[in-house]
C-alpha cells in the first residue's frame, strides 16, 4: 500500500499510509479504536476506493479493482462480522468459498477441501451442520476455511478475535499460526495487541490514521511506548 | 370434510407458486414486489394468446409463455427496479405499484375486461368415494408439485441455488466471495417470471382468465409468504398450504365471498403474534 | 365550460386532500399506505350513511374524520413495529376487506345498490343554482385549513420528530421517544384527512357505491406526492391540480383519436399513470417541490 489516503464522503480517515507485506509473512496492524484500522482493511481488500494513493498486489496495481476482482487474483478476505452464510451448511459455505473464485487451473474442490480440513480439523465433524448454529470460534474457523478454499496467496483477517472469549481467541490464534505456517501471506487487523503481535512477523501501529511505528513484531511488542499505551503497562 | 380438505390443498397449491416467487425475490432483493399479482395475470394472458389465438396445446403455450414472461420479468427489473436498487425497499415497493398498474392496463388495452377461458377438453370429474377431483385440480396438483420439486432441487443442490441462497443470506459476503449480484438478480427474476406465469395458467384453469385475476390473488399471496416468514422461499409453500386450508375450512362458518377476510384475519393474527412467520425463525438482520 | 371547470376544481380539491394525507403519512413519515382508498371509502360511507339517516352533514363529516382516524391508528398499531412492507400490505388488506363488507352487507350499506340522496353541507346558504360553486368554496376552504395545519405541523417539534422517525427510527428510539407512538399518531392524523376527503367525495356526488372506490385512488395519491415532492405540501397541492386537469383533459382525446373506445382510453391513461410513477421515482426522485423545514429543523436533521 503506497501513500493511501482513504475515508468516507470526502473525509479522510487514513492520511497517507504506506506499508507492505512480504510474501509468506504475517503482518498485524494494531491500534486503538477509531485509528482507521477497519478503513485500512476495507481499502486493502477493495471494499473502499482510496481518495489517493495506490494499492499494489505483487507487481500489479489493483487500486481500482473491486473486491470480487481482487478475490480472483488471490486475495482472500474474512470480514469482521457476518463472515459466514448462516443459513447454509458448513460444507456449502466452503463450496461457495471455492466455486466462484477458484481459477480453472486451481486444484479440484475435493483436494482443496482435504487440505483446508487438515488445517481446521475442528470443523471436519461439523460439515453438515448449519453454520449459524456453530459457536463463535467455530464460525471464525469456517469463515477462514471458506476464504482459504480457492488457495489464495494472501489472506486478510479483520479483527478475527472480535466477540470471542479470551480462551477462544487464543485457540483461534493458534489456528492462525498453522495457516501462516502453511505458506499463506497474512494481513491481520487486530484489536488484541498482544495476541495479534504474538502471531506476527511484522507489526504496524496505526494511530489517528497515521503509522506510528512499523517494525518486526517483537520490536513493536518491546517498544516501551506501545507497552504503556496498549498493553496496560504490563 | 374430505372434499373441503382436497379443495383447500388445491387452493393452497394455487397460492404456493406466486408466494414462492414473491419470497424468492424478497430474499434476494429485499423488497416486496407488489406487482406479483399483475405478473400472474400477464403470464396467464400470454399463455392465452398461445393457446387460443395461435392454437397451441396448453402445455406448449404454457412453456412458451413462461419462457417469454421470464425474459419480460428480467426486462421490467432492468427498466424499473434496477435504477432504484440503492434507494431502499419502500421506494421499490411504490415503484412496483406503478409497474402493477401499468401491466394491468396493458392487458385491459389489448384484451378488454371480459373473462376468457383456455381451450382445454372438458372432462368429467373423477370420484374417489365421496371426494370429487376434476381434471383442472389434478393438473394443478401435478404441475405445482413438479414446479416445486424443480425449484427445490435448484435451490438445494446446484451452484445457481447456492448463489441465490448466498446473496439472500449475506449479500456483502457473497460479493467478497466473487458472486455477481446482478447475475443472481437476473436469475431470480427469470425463475419468478416462470413461476408466476405457471400459476397464472393454473388460476386461469381453475377459474377464468381476466385482468382482475392477479389482483384477487395479491393479498393471499402476500399472506402466504408472510406465514412462511417472507424471506424464506420454501416455507412460503407451507404458508400457502396452511392458508388454502384455512380459507376452505372457514367456508363452514363464513360465506364464500368473505375468503379475503379470512386471509386478512390470518395475516393480522400472525403479525401480532409471530411476525417472523409461522415456519420462519426470527429474522435477524446482521 | 364554467360548469366543467367548477366540477374539475372540486375534484382537484378532493384529490389534493388525499394527496396531503398521504404526504403526511408517506412523504413525511415514511409510512406506506397502500390501502389509502379503503380509508377514503370508509370516510365516504360514514358521512353518506349518517347523512341519509338525517344527521346534519357537517356532524356526519366530523364523525367520519374521527372514525377513519381511529381505524387508521388501529391498522398502524398492527404493523408499525414491523417494516414498511408489512404496513403496506396490511392497509391494502384492510381496504379490500372493507370493500367486501360494504359490497355484501346490504342491510348496513345498501350493498351494490349504493347510497343515494346524500345531502351536502350548508346547501341552504347558497342562492339557487350556485350550489356547486358553494360546495367548491367549501372544499377549497377544507384544503386551505388542512394545508395550514400540515404546514404548521411540519415546522413544529412534532414535525421534526416525524421526519427523524422516517430517517432513522433507531436514533429516535435511542433519544427515548416512542417510534410506535409517533407512527400511530401520523397515521391517525392522515386518516382524519382521508375521512374528510372521502366525505367530500360522498357529498359531491350525492351517490356512492363500492365500484367508485378502487386501488387507482391510491395510485393517484401516490402520483400527487411523487410529483409534488415527498414532504412538500405546496408541491402536492400543485401536482394534484396538474394531475386532475391532465386526467380530465385526456377524456377529450376520445374525439381526437378515432377508433379508441372509452375503456381503451382509460387503459392508456392508467398505463401512463403507472409508467409515470416509476419514471418519476427514477428521474425526479425529489419531485418538483421542497420539504418545508425550519432553520432549526435543518440543523437537527443534519445530525441524523
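Just so it is clear, A, B and C label the chains in written order, and each chain counts residues from 1 on its own.
Just so we're on the same page, a residue touches a chain if its C-beta (ideal position, glycine included) is under 8 Å from a C-beta of that chain, and two chains touch if they have at least 3 such contacts.
This is a predicted model, so every value here is computed, not measured.
Taken as a graph of touching chains, this assembly is arranged as a line, each chain contacting the next along an open chain of partners.
Here the chain at the heart of the shown protein, by mean C-alpha position, is B.
Measuring from the averaged C-alpha position of subunit A to that of subunit B gives a distance of 42 Å.
Distance between subunit A and subunit C, defined via averaged C-alpha coordinates, is recorded as 54 Å. Subunit B and subunit C, compared by their mean Cα positions, are separated by 30 Å.
Contacts from subunit B toward subunit C in the complex involve residues 31-32, 34, 79-80, 83-84, 87, 89-91, 93-95, 97-106, 108-109, 112-113, 215, 218-219, 222-223, 226, 230, 255, 257-258, 260-261, 263-264, 267-268, 271-272, 275. Subunit B contributes residues 159, 162-163, 165-166, 168-170, 172-180, 286 to its touches with subunit A in the complex. Those residues of subunit C whose C-beta lies close enough to touch subunit B in the complex are 26, 30, 32, 34, 78-79, 81-86, 88-90, 92-94, 96-97, 100-101, 104, 215-216, 218-219, 222, 226, 263-264, 266-268, 270-271, 273-278, 281-282, 285.
Residue ranges of subunit A in contact with subunit B, taken from their complex: 45, 47, 66-68, 71-72, 77, 79, 81-88, 92, 95-97, 99-101, 146.
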